[in-house]
Amino acid sequence: MDILYLLSLLCLSLGCLCNLIAGIGIIRFPDFYSRMHAAGISDVTGAGLILIGLMLQSDWSTTLSKLILILLFTLLTSPTISYTLANTAVKAKYKAKAKDNSKWQKDMEAK
Amino acid sequence: MNSQLPILLVIVPLLAAPLCLFIKKPTLVWLFASIVSVLALLFSLIILSQVWETGELVYSLGGWQAPIGIEYRIDLLNAYLSVIVAALACICLLAAYKSIGEEIKKGKQTLFYVTFLLCLAGMLGVVVTGDVFNLFVFMEIAALSSYVLIAMGKNRKALIASLTYLLVGTLGATFILIGIGLVYMLTGSLNMQDLSVLLLSAPQSNTLFTAFTFFFVGTCLKLALFPLHWWLPNAYTYAPSIVSVFLAATATKIAIYILLRVIFSLFGSEFSYHTLPLQNILMTLGLAGILVCSVIAIFQQDLKQIFAYSSVAQVAYMMLALGMNNISGLMATLLHLFNHALMKGALFLALACIMYRLKSVQLSDIAGLGWQMPWTMAAIVIAGFSLIGLPLTVGFISKWYMLLASFENAWQPIALVILFGSLLAAVYIWRIVEKAYFSPLTTNNQHIKEAPLALLVPTWLLVLANLYFGIDTRFSLSISLHTAQMLLGVAP
Amino acid sequence: MNILESFNYWIVMALMMCGLYIMIAQGNLIKKIVGLTIFQTSVFIFYISMAKVTGATAPIIKEGLELYSNPLPHVLILTAIVVGISTTALALALVIRIRQAYGTIEEDEIRAKDRLE
Amino acid sequence: MSLAFIHISILCFLLVTVLAIVRMRDLLAVVMLLSIYSLLSACFFVVMDAVDVAFTEAAVGIGISTLLLLSTLALTKRFERPHRTEPVLALFLVLTTGALLVYGTLQMPPFGSASAPAHQHVAAYYIEQSFLDTGIANMVTSVLASYRGYDTLGELMVIFTAGIGVLALLELKTDTKVSRKTEIPAPMAAHHILRIVSKMLIPFILMFALYVQFHGDFGPGGGFQAGVIFSSAIVLYTMVFGLDAALKVISFAWLRFFAALGGLVFGATGVLALVSGKNFLDYHALAEDPIRAQHLGVLLVEVGVGITVAAVIILVFMSFTRQMAENGKA
């Protein structure tokens, strides 16, 4: 029991740390694609670790099964979303460096 | 059966609306909607006579006693208003067959009638309910459907007018929702009857004052009291003709009903008039509204615009009378609720006739039509007399009571302003009369014929009602006297 | 006076005022609708704050629990949320039509076009 | 105390988000921030014990309203024009209203106190009696569907009105049959991953919707939330496979039919009581045993709500998408 508790504490704090790093990344990274990488961290590792931490704390109950389902669905959907986002950005000819996109944004604004 | 009447009044139109979608032909939908509205009128008349004879009707929904459940509590005021709404809806639907057939595309006509029935059900629901939150919900049904109805107008300005109305109306409704929340916070109840007792014993606190203010501002937004009226003229002008008739005759009346309930039933006249300076507020806004909006109406070029501004002025009359805070003043407000519905209904229906033939209601376009469309123009003239307040019309009765009320309070200057307002009304009615009868006929209008009977009959029904209730005043006077006494808590 | 006692309400008031400000002051129609949504949602927050009882749990009966938060405001707000989304949907449909009819969704441009007629 | 910390920080986040919305001119960012605002308020509702409300706010605020706003943006434009006028009057009005509200809070019953009048009168009855009256553990469901069931009928009619309104406003300019010649494009359908994943997800979403629909008696959930979730499955299908494919699943005529049907199911439940001589929506007319009768009534009513809500939301979304297809061709 104690070991489980400690493990879950570890998972939760690691998850929180990941989310924090991801948040900093989203703000600090220069362009869309690298920011997406940061967002991916929070989606998979951050949320995943927190969910695992919570699972370790819950007994064999319906809560556990719900948490497992949530984890499965997150693992399924978030990469798909990242893929779609990146793909759309590439198709919209969005440049990798943020500076180059000022013209793109002006075009959009003119529309 | 009789004990179920209060609920039937509302759910018959409410459930008839989705049923309409199962009918294919627009004509049949119209027939169905008309039958439903006639039924609603029948129910409301029976309810009125029951209330008149036996007093309040109470109906608990779901079998749960109030305040646990929702209840309908119908006294004279509710019954009176439900008759006004249902009667106007009947007449509008009678006229709708021709007018809507002309103004709205065939594919959309079914949707029009569905929305119209929803609007009717919403208004009736507001009028008969005895629960403040239920009032909010049905107010939103009525409001949403009237936004849709207005947006069905042909001119693209109808869209802007509808969106403005939507924003203002939702703002007003949300203000009322805040008021409901504050009142609930203080008492723990949502039932009006219950609230009137609990609020009376609640300590005078800032929260109570704030709650009243939110209710007041919210309803004033909805009833277009003078500085908050900017949404109304365009909404009435660009809506389809029948929608203008229905909304002009009923929508603001519903808001005034809510205001009356808030002032007299929820917070009590003692709190509203003596703790708060409601009297001064209503008098000031009412006077300003009468003068400003009547003057604006004089300078309009669009007939619908003229009467829309005149509606705002008439609402201001009602508020002025309400501000007098005596029996005659309240009676004048109640009388004018009914009378204004009759005259604005008649006027806008006459405009629907003109719209049907002319496809326009610009002042410049009706030159010389007095001889081409004699019945329509005569209807405008008579209803116009009523608007001015000439004797033998309903307008005279309400103006008379307003004057009486101001003399009772010894406010002679107010009486002068009321008379001056009538003079302004005479000016804008005269502009129409002059154009219609004394201007030369334009070449475009030479082959314009009289409007079809299907439109003239409802118009003249209302015009005759204007005359009838102006001469035989027993019905409206006795009801408004009793209602006023009931609201002010004076023994008859 | 304990700040916590009214802190919720003050924040809610601030949110309401921001929503109201967006609605009144900004000329873009979509922004106005966003303002309306914010205004309505802040009223929901106000109701839900009112329903909270310190130390209580969600109003779902469970053995061994006695203190529940007030369920009635929750019910009212459920209804109000539905009313809110209905209004928003209708408003957005109107905005789409306005854009088709006028080619713009800025209030002053629309007014200018109306004046030209 | 720790709970107070959580809800205070959520409130501060809310305020920051709204201030950002006031400043922002990029409407796409505004919509995204609005959905964050909804998410935060849903979290706040959970902290405040309003699980049902949180569920609904999550489904509506984050899902539906964002979706509709985004579709509108796609149909209009993304950037707001900067405006120059100084909104002094607006600021004045807003500050007056705010001052009035703050003035009102000064003598309000304090937050969280169990002795506030709001928790005494009617609410106390619900907390003590609702389980005995109806046998439903979730008080919110029993109040929503039974004690105040008539409000719910009103709410259903509001959303029905909105559906009819959108349908009346966003009709097609060209005739449907003519426009059928050109296929409405579905750009997302080209992505294999997207197609496979959404095909995998849709059955689960539908199943979850049913679970939420019938679980409302015991936990958070009910007809409204279920309807929203159900519609989200169809919306996902429409977004990935295109409007034409979705219309093969369910056409506008059927959607109209279902929107009306839900309201009628609700209404018929009420009328059934009328016919058997009880008051409107009095579920005791449905069965001998009062608890069973209440259960049955709540079940029927919630099904009605679910059907209409799902139908109307799909209807609204598809109408918006159809406009997009129109614009694309023009």
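First chain written, first letter: the chains are A, B, C and D, and each begins at residue 1.
Everything below uses one rule, namely that contacts are C-beta pairs under 8 Å (C-beta built on N, C-alpha and C of every residue); 3 or more make two chains touch, one makes a residue touch a chain.
As the structure is a computational prediction, the values presented were derived from the model and not from experiment.
The greater number of contacting C-beta pairs, out of the two interfaces B-D and A-D, is seen for B-D. One inter-chain figure worth recording: chain B and chain D are separated by 31 Å, centre to centre, where each centre is the mean of the chain's CA atoms.
Separation between the centroids of chain A and chain D, computed from CA atoms only, is 26 Å. Chain A and chain B have CA centres that are 55 Å apart. The set of chain D residues touching two or more other chains comprises 77, 101, 105-106, 108, 116, 118-119, 122-123, 126, 148, 151, 154-155, 158, 161-162, 165, 169. Residue positions of chain A touching 2 or more other chains: none. Counting partner chains per residue, chain C has residues 20, 33, 50, 72-73, 76, 79, 83, 86-87, 90, 94-95, 97 touching two or more of them. Shown are all chain pairs that touch, namely A-D, B-C, B-D, C-D. Every residue of chain C that touches chain D in the complex is listed here, in rising order: 2, 4-11, 13-22, 24-28, 30-31, 33-34, 37-38, 41, 44-45, 48-62, 67-79, 81-90, 92-97, 99, 105-106, 108-109. Considering their complex, residues 73, 76-77, 80, 83-84, 87, 108-109, 111 of chain A touch chain D. Residues of chain B touching chain C in their complex: 133, 136-137, 140, 144, 147-148, 151, 156-157, 159-160, 162-163, 166-167, 170-171, 174, 177-178, 181, 184-185, 190.
Chain C makes touch with chain B in their complex at residues 20, 23, 29, 32-33, 36, 39-40, 43, 46-47, 50, 72-73, 76, 79-80, 83, 86-87, 90-91, 94-95, 97-98, 101-102, 110, 114.
In the complex of the two chains, the chain D residues touching chain A come out as 77-79, 188, 191, 193-194, 197, 200-201, 204.
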